[in-house]
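As structure tokens, here come the structures.
Two complexes, one shared chain (chain A), two partners (chain B, chain C).
So, the complex of A and B:
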């Protein structure tokens, strides 16, 4: 039987080499009549949203006029969708939310109690007593 | 001076050959004086929101104290010269930790204060790590 090597498939890691922003589409839903959409209406009319869209050209901004409370929907590359309520928020508060959630990756939030997350093999190797010269080995 | 530079090149050549074309290379860099041991492709998860930084920015990490391979290390506590290596990181995510609440109590006071906590998190991905 021929000897086969163990194939190591390459893992696509966003940010190693090229980086693609995970948030690709933002839907802003507002109502033309309701008071809770005041902030969104201000944001649309005072040009602040235009500036944000110009800064983030890789994100598609979709504005939807629909009755009910306003809502922001963020679409991410990993098929996850985040829906954020923004009823009765001022335009500044909504802008803050837009900036914050457009910088997320769409993954579930988690607390990591270490500093570095790595999928590489241990760079300094696994310690083994058998790989030390015989005269330096620990004797019991 | 001559002697030190000769020793310099010797160390790095050993590192170069031992870290198979940079495959087994690691570096320890400092951020706010805290050391982080990284290899290429690692994610550095910082428990704060980095100032004046946006997602997609590339950071050039220059405060490196150690370069190492499985068998050799080169350490300079005051920092290794920038001409000897290249270490860059991409800012890939600015997010938050999961939401939790802290109940604060004061002595001899029967009221409890519930404080919502959701701290920021910045994720850096190590883009390049190589010897010059």
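So, the complex of A and C:
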């Protein structure tokens, strides 16, 4: 055989063709008695959570009644799970957290000190000192 | 592993001894009686009276509508309204003749697989008409191989149904929830405790190990078949154009590192043969374009592959041999990865699109033999 193929998987580019929201499930755990769950209980009763769920139909909302402090759990499609404490928060603060983390990619946050992060090769190419005319080349 | 092999050979020997009495009936396509089909007959010899009495039905749409997982998946994939939730649920069912008697995704997944392979091949052939056969197959696999499809299935947020009937009952979970999960495990498998790490393959799993000693877990296969079945379901509900758009959006939009898929054994010989085939009269020559630090520890050479005055490829290396090989490989890649464009510089139209016109450039010259 002259040429063999090296099996390399293709790389996902979410948003180039279709966009699939990375956050697919949110679990809201609250207590029906404790004072730290006041905000969540308000959110459930005043219909704001219903509106959020209707706006984000691609996310499944799972409401769990359990004793203890309230907690938001976000499930992402890269197998990561983020657990957020929301004890003693008002309904507005919890709504803000829900919106923030439902738009998250699920990756860990990191600092990147360069201008571009890309999986593509540079369009310009890389400058080479060997391709300038011979008389202008640097001589050692 | 070795123990397994020994076990298997031992088992084979026994079966050989046992079947030696029935030489006439020994063949590899003996019909096996599948008790799950619940076959009934009036007379054993009257084959026309044979009937499978297994009862499979589709999930009622009203039950599927009660499953939030299905509704979420439907809108996450932006599926059209005509796409029924019961079809989506069927696409996630991989169980053969399961106890619940629901129709499985076998037909949908076969349909989806064929559509996928058609549109993937069409796209690849039009994009890279000169791709050698081996690399073309690898590229098709990179787009729609089981591992890739499983990755896509996971990114769609499909969950595996690992909850056994007992746990289901104890957690007071609504009945409809399980219809939105990927069902492929048997009830016994769900109850066994699994630990992470190394584990011994079962007899059934050992048989699925292929000749390259590669093993694809059942979960990966289930995810892949679910993705194929979702595509098949889209075709049955809304037809070909929407399915094609879906495949282009979800699968062909992925980045394909096709330039990393080539493994040359004798590149220089191949380039010479290729130039011969293309009818170039001048011989292939490898020339040194530039060099620096020949006597130092870190020399850099730039070599080029030329035919007459035309430069076919160029390569940089730390030795003359490396630079030469890179130049030759670069020239070969330049030929194989040629991608035709139309007069306006756009990608050419695909044969399945309206207004497609055949062009000579979209037909490759075939592989080179060395």
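Please note the rule applied: the second predicted complex is superposed on the first by the 120 of 140 C-alpha atoms of A that agree within 3 Å, B and C clash if a C-alpha of one lies under 4 Å from a C-alpha of the other, contacts with A are read in each partner's own complex, and residues count from 1 in each chain.
The criterion applied here is as follows: a residue touches a chain if its C-beta (ideal position, glycine included) is under 8 Å from a C-beta of that chain, and two chains touch if they have at least 3 such contacts.
Not measured: the values here are computed from a predicted model.
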Output check: A:119 vs chain B and chain C. Expected answer is one of first, second, both, neither. What do you get? both
Please work out whether A:77 is in contact with chain B alone, chain C alone, both, or neither, and reply first, second, both or neither. second
Using the superposition on chain A described above, determine whether A:25 touches chain B (first), chain C (second), both, or neither. second
Just chain B (first), just chain C (second), both, or neither: which does A:16 touch? both
Looking at A:88, would you say it contacts chain B, chain C, both, or neither? Reply first, second, both or neither. neither
Tell me which partner touches more residues of chain A in the superposed arrangement, chain B or chain C. C
First, second, both or neither for A:105, with chain B first and chain C second: first
Residues of chain A that lie at the interface with chain B and also at the interface with chain C: 13-14, 16-17, 21-22, 119-120
Chain A to chain B touching residues, read off their complex: 13-17, 19, 21-22, 100, 102-105, 107, 109-112, 114-120, 123-125
Looking at the complex, which residues from chain C come into contact with chain A? 68-69, 71-72, 75-78, 132, 134-139, 141-143, 145, 147-148, 151-152, 154-157, 246, 248-250, 252-257, 260-266, 270, 289-290, 292-293, 300, 302, 316, 367-370
So in the complex, the part of chain A that touches chain C is made up of which residues? 1-14, 16-18, 20-22, 24-25, 57-61, 75, 77-79, 119-120, 128-131, 134, 137, 140
Which residues of chain B touch chain A in their complex? 24-26, 34, 36-45, 54-56, 68-70, 90, 92-99, 123, 125-127
